[in-house]
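What follows is a set of structures to go through.
Each of the two complexes below includes subunit A, the first together with subunit B, the second together with subunit C.
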Partner chain A sequence: MDRRSIIVILTAVLLRLFLFTIFPALPDLLTSRVEISTPVTSYKRLKEGLYLYEHGLSPYNGGVFHQAPLLLAFFTALPSSSIITNLVYILADVQSALSLIQIANTGVSASTPLHTSSRKDNSLPAWAVGAAFLLNPFTVATCLSRSTLVFTNTAILTAIARAVNGELLPGILALAMSAYLSLYPALCLPALILLSYDMHKRPALRVSLGVFATTSTMLFIGAIIGLLGLSYSITGGSWEFLYSTYGVHLMLPDLTPNVGLWWYFFIEMFDSFRDFFLCVFQLHLLIYVGGLCIRFRKQPLFVITSILGLCAMFKSYPSIGDTALYISLLSLYHHVFPLMRYTFFATSTLLYASLLGPAFYHLWIYAGSGNANFFYAITLVWCLALTVIVADALYAVLRDEWETERPEMRGKDVMQI
Partner chain B sequence: MKFGAQIALLLPLLATLPFVSAQHTSNWAVLVSTSRFWFNYRHLANVLSMYRTVKRLGIPDSQIILMLADDVACNPRNVFPASVFNNADRGLDLYGNNIEVDYRGYEVTVENFIRLLTDRVEPDTPRSKRLLTDDRSNVFVYMTGHGGNEFLKFQDAEEISAFDIADAFEQMWEKKRYHQMLFMIDTCQANTMYSKFYSPNILATGSSKLDESSLSHHGDNDVGVAVIDRYTYYNLEFLENNVKNASSKHTMKDLFDSYDIGKIHSTPGVRTDLFNRKLDEVLIMDFFGNVQNVEVDAEGDVEKWKVDAEELSRLAAKITMPGAGCAKNATKSGATVPSPPDAQKILAMKVEEKTSPIRNAIGVCALGACAAAWFAATLLGKS
Partner chain C sequence: MAIIPLALRSAKLFRLLPALSALFVLVGIAWLLVLPLDDYSRRTYISENALLPGSVHTYFAGSEQNVFQAYREEVKALGRDASSDDIVARIGDIFKGQGLKVGVQKYKYTASGKDYEGKNVYAVLEAPRGDATESMVLVAGWRNMDDVLNESGVALVLALARYFKRWSLWSKDVIFLITSDSRAGPQAWVDAYHDMQPQNVSPLPVKSGAIQSVVVLDYPTSSSFDSIHILYDGINGQLPNLDLFNTAVSIAGKQMDIHTTLQEMYSHNDGYSSRLHTMLRGMVNQGLGHATGPHSSFIPYHIDAITLQVSGHGYHDEVSMGRLLESLFRSLNNLLEHFHQSFFFYLLLGARRFVSIGTYLPSAMLLASSFTLSAIRLWVQSGRTTTTITPACETPQRALLLPTVFTLLLHLLGAIPLYLFNTTTSTSLTTTFTNFTLLTLLLPIAISYLLHTLLHPTQHQLTLISCISLLLLGLFLAALATLNFSLSFLIAVFAVPYPLAHAAAGRGKCASAFWVLLLQVVAPTMALVGVAKYWGEEVGLILEEAAFGWVVWRMWTQVVVWCVWWPAWVCAGVMACSGWWGKVVEKKMEEVEVREEKEEKKERKEKEL
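Let's turn to the complex of A and B:
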């Protein structure tokens, strides 16, 4: 790890420590913002669950706490001082950054065993990727608000880093942990299997992809079962946590506004259509996995990136932390940015939505002069910006792949016929 | 228990009293303040004082019709919001939080008043706005406001004349809607209002005679207006000092004898020619209180009554003590009656003061297992 990366990490740590100490009211303010904290990641709800857990009551009884039981055990084991908690979150962010820097160092985004981009010299240096994650205002806000999404992001990035290094088992375990914490990273499993298969250190010892995939899936399921079993014992021998954690992601009982698209739909939906639309919305996320894995077989890291981007838009309780993760992973593909067509539009729309979102939320909830439509319109604009970015990145990577076969088309306009 | 207590009360009454068909069996009160606006505070205080009096002597809200403009308690000019006082010492808040106004604001009109008395109301009028009296009801009608020679102003917009009230009372008599009536009125030239009555069993009293104004008693410097009228003040003084509970034996003659022109500063009048009982035999509680007498239908059948009452008391005991009743039933009929299921006592959830060490240990073990799995995997992966 080079000096610049260390400087970036230290700067980020100092920045977070500075913000935690100089503005002690800031974490609570950010925790209460709906764009940053969702019902399944909020620190306030975690504290509520901790209180109930520590007093011998079931933490899932109140219908407020929807997070994994292992977090309860973790925070109970920690000494309860705010400095320790802040340090834990900062360390999680640092670990995420280290994983990202590791991924950037291997250069796998530009050259995989199956594909080498002609623009790989334009990739960002590792420290810049780390900076894109650590100094991203969305990441800083998520870390400051002590949302538990930080742990999920750490787990995902660690999984990718391990897989890129060719270590299958740690990668699977880390992905299992991230899926255990919040359900949706499980969608990255096929791509992660492909990635570790490609990056396997000893190609000579390789088994066929089918066997590899089956073994990995078994390991994943085993890890999930192990984690669920541990949760069963933590919550005092009951399976009720299953509905309160994964059931909430799937059935959407809590309709608190967030930057996603689901809450507004389901507030106004008649009960008889609820199950149908829940299935449709969940399936919508599921359908991308197969297509992306097949089309981008040569670049599984990009599949993971795109799936995380789609999750950031279409999962049940997204927040800006998911967007931060996606943008940081996307910075690994800096070499294809020149091929993207709508960067200015997408960036300005994203900025516009991030500024107007809190304003319209204030108008709706506090001033009372707006209504939910104002805020929902901004979340729609936010999703539009992200859609454009995801689609544009897909186009850019596809074009880059296509140009490796047709080097003469570099710099020329292409049109779909 | 209530049932049993009532039966217990009635039994001695039945034993001592013979057929009680000549007395009243219910008490109603119609209390009307015909003024609105802040400076007529004292009229509202008059009516509310009467309201509190009849309530404390036993008439329930369901048998009181209270007609007020009700614009004083929450008036922006009221320095004591939601409170109405009838005395400068502000010892008693007449408005309080236990008040039931039946006709308020612009509902207090001449038409509504006459419809109320004669029960010619819309089919969808709620029971609380109807005078559901019968021929054994004693009705106390109290009116206050601004009046004149044979008229009374309603809400500064219309008037009711003495003839109208007299006709309304006659309709009530025709429809058998009262047993005896006490009509009390505190306005200027009040006695003219009852001069036109022609129905039997009405006892009327007013605060001042023709060409005489009724005066207010005193004002409160903080409220800013007069808080009570003299006639009503001295009526209340008598009632509060002498008629303290339901067993009071004071008569209407005592009340009327207590009127002192020197104190009231106007000539109160009493009209008794339509009233067939002697005033020293009429209890104040007959009109102001809620003494209920029981009417016996069957004559000479006291033994049957005793048997019925005993059966009722047994029924009451069975209802209040189901266990005892069931046991009696079982022994009587010989068949087994299933006992009621034990009521499950729901206690409060047990909340521990701090985490049990076992929980802590399980948590730490779980975390340790995760960490161990991770390190093992890393080592395996590296090798």
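Let's turn to the complex of A and C:
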């Protein structure tokens, strides 16, 4: 790791420590913001679960706590001091950044064994990618709010970093951990398998993709079963946690507002249609996986990035932490940014939404002069901006791939017919 | 390129952007000016039918007047400068004598080195027909906003407490509150009512249900009055539901035949200029976000509140006022739910004329988007000043790091004046302000010089600094317009020259000097002096009021001024004087534009051939 990366990490750690100590009220303020904390990641709810757990009650009593049981075991093992907790969250962010720096150092976003972009010299240096993650205000806010999404993000980034290094087992285990924590990262499994297959260190010992994929999937399922079994024993021999954690992700019983599109839709929905639309909304996320894996077979890392971007919009309880993860992964694709067409528009829209969101939430909840439509309108704008970024990035990468294949077409206008 | 790739690449459309931006400004301002016309404003109406204003017979008269006069003598005997212990003891005794539950609250605030302390005394009339889940509050400050003894106001509250106690028709609790002043007292009370009190404010011993509405009485004379002046602006420009205001106007006008005025427009003839003045005065009050009366403190808690203030000399006396309040409280007593039917966002043009948000909001939004348009133009322009040659179909790469960091640092710099003016003691506020104003005269020049000598920014980076600064300004103003329309509009009007100042660097040294001077006129500090002139007060007093508002009322106008407006102004100044040391590259830009246009024409001709 170079000197600049270390400076970036140190700056980020100091910034977080500074904010934690100088503004002691800030973490609790951020914890109660719906844009940052969702029912499945909120630190407040985690504390509620911890309290019940430490007093020998089922943490899922009362329907407030919806997070994985291992988090309970972890936080019970920690000394209950806010400084230690804050340090754990800061360390998780640092680990995420280290993983990102590792990914950036391999240059896999610009050149995989199957594809080498003609623009790969234009990639961002590793420290800048680390900075894009660590100094992103959304990441900082998520870390300060002590949302447990931080651990999910760390697990995802670790999984990618391991896969990029060609280490199959640690990669799969880390992904299993992130899927265990918040379900949706499981969608990245096919792409992660492709990535570790491509990056496998010893080509001489190569097995066929089919065998590789089957083994990896078995490993993943094994890891998940292991984690669930562990959780089963932690929660005192009850499978209750399954419904209270993954059931909540899938069935959306808690309609607390967030930056996503689900809550308002399911508030308005007649109960008879609820099951149907739950299936539609969940399947909607699933359908991208196959298509993206096939079309971007040469760049599995980009598939993971795009799926995470889609999850940040369309999963049941998204928050700005998901967007932060997507944006920092996207910074690995800096070399195709010149091909993106709507960067200014999308960035300004994101900025507008991030200012107007809290303003409209204030009008709705505190001032009482607005209503839920105000806030929902802004979440629509937020998702519009993200959609534009995701779609534009897809276009840019496709165009880059095409221009690499046909260098003579570089700079020519193309049209789909 | 950026927004509409093909359309903006055309040089003609690109050239239209400044004109479009100017058009937005003109339309935005003209929009506001046509609002007072009949076609763009509406007559007020009662939206909540349950209120039934003025439909009950009022019985407050005759013998109650004698009781009132006795109470007034008591109040006068204590006098304006009575110690708050004496006031609380005497008023508390009277309330107790009437058979009401009495509570006393002590408070103390410290703002700009001065202490504001006192005691509130209040009594709760438990509703014979209610379940203590809802309440209405009648407030009178011992001293009003002008620090005058509110002799008839306090006496009338006492008389009404005695009178209301005998009725069995209340379905909401009535709370009678006497605060020892009109600025800190109500805030301390309403904070403590919701358990949000700061350290030096004691909690309330007695409470009732959720407060539905508040009426404040400001009646500081013993003589009869002519009209009622209604105050309705809350902290940070938030407003009470229009139905409450309308009910008061309707009862006063139809039942009592009392004339109502607002925004100190005592001679309102319902002509264009009266309406415009009323609207603008309201916008200034809401834009500043300060408390205009004791009612203002209640509004942030989503409690609809107004102050009734007597004005002029006429034939109405305390009985008219008492009957008005009786009728008003009977109407409020009828409410089945919290005020929600009518408007929360409105501009009042007169007692019976208003403009709703849908009609007025576009003006502020147009002004805010004119800055965004300028930013878009600069963004496109910055794409043309990159040194690297970019092939078609590709967005030019921009060096964003320096401009982003520079603009963000400028905005963070705003924390210094924010801290300075909220913590300096009142005696040295004026000198601090003078020093700060002199310093800010030179600050843009100094920053600009440092920027150019230390960092040697390219023209490309300078354009991007302007772009980001204007983008942020448009962004903040648009978001602000939804929270406090007036503040957003007023800042936008002052900021209209900023995009032009940003462009001045390319027009030579004289132009730079001209714009640097012109910017001084539209600086936030100058606006503060303007506000002081408008009110005929000293700048020091205004700043003291602002610091008081920051500590006690939780006003956030200062944050907007120092962390949004002031940095945008500094940035405009920095850009304007960059013409003195920066190389003039703007001309080359124009050459590029002309060349592009020529090429376009050529292409078109070729195609035609």
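As a convention for this text, the second predicted complex is superposed on the first by the 417 of 417 C-alpha atoms of A that agree within 3 Å, B and C clash if a C-alpha of one lies under 4 Å from a C-alpha of the other, contacts with A are read in each partner's own complex, and residues count from 1 in each chain.
Note that in this section a residue touches a chain if its C-beta (ideal position, glycine included) is under 8 Å from a C-beta of that chain, and two chains touch if they have at least 3 such contacts.
On a predicted model such as this, the values are computed, not experimentally measured, just so you know.
Trainee: Look at where subunit B and subunit C land on subunit A after superposing the complexes, then choose clash or fit.
Mentor: They clash: once the shared chain is superposed, the two partners overlap in space.
Trainee: Of the partners subunit B and subunit C, which touch A:Leu363 in the superposed model: first, second, both, neither?
Mentor: A:Leu363 contacts subunit C only, not subunit B.
Trainee: If you stack the two complexes on chain A, which partner ends up touching A:Leu72: first (subunit B), second (subunit C), both, or neither?
Mentor: It touches subunit B, and subunit C stays clear.
Trainee: Figure out whether A:Glu167 sits in contact with subunit B (first) or subunit C (second), or with both, or with neither.
Mentor: Touch status of A:Glu167: first partner only.
Trainee: With both complexes superposed on chain A, which partner does A:Gly226 reach: first (subunit B), second (subunit C), both or neither?
Mentor: A:Gly226 contacts subunit B only, not subunit C.
Trainee: Of the partners subunit B and subunit C, which touch A:His55 in the superposed model: first, second, both, neither?
Mentor: First partner only, subunit B.
Trainee: Could you look at A:Asp413 and tell me whether it touches subunit B, subunit C, both or neither (first, second, both, neither)?
Mentor: In the superposed model, A:Asp413 contacts subunit C only, not subunit B.
Trainee: By the touch definition at the top of the document, which applies to A:Phe337: first (subunit B), second (subunit C), both, or neither?
Mentor: After superposing on A, A:Phe337 lies in contact with subunit C but is clear of subunit B.
Trainee: What is the contact status of A:Gly236 with respect to subunit B (first) and subunit C (second): first, second, both, or neither?
Mentor: first
Trainee: Going by the overlay, flag which of 21-29, 75-83 or 129-137 in subunit B ends up clashing with subunit C.
Mentor: Once both complexes are placed on chain A, subunit B clashes with subunit C in 75-83.
Trainee: Based on the A-chain superposition described above, do subunit B and subunit C contact any of the same residues on subunit A, and if so which?
Mentor: Touching subunit B and subunit C on subunit A: no residues.
Trainee: How about subunit A: which of its residues touch subunit B in the complex?
Mentor: 53-57, 70, 72-74, 76-77, 162, 165-170, 173-174, 177, 223, 226-227, 230-231, 233-234, 236
Trainee: If you look only at subunit C, which of its residues touch subunit A in the complex?
Mentor: Going through subunit C, the ones touching subunit A are 2-3, 5, 238, 300, 302, 338, 340, 344-345, 372, 376, 379, 390-397, 471, 475-476, 478-480, 482-483.
Trainee: In the complex, go through subunit A and note every residue touching subunit C.
Mentor: Touch list, subunit A to subunit C: 122, 337-345, 348, 351-352, 355-356, 359-360, 362-363, 366-369, 399, 410-414.
Trainee: Touching residues of subunit B toward subunit A in the complex: what are they?
Mentor: These residues of subunit B touch subunit A: 349-356, 359-360, 362-364, 366-367, 369-370, 373-374, 377-378, 380-382.
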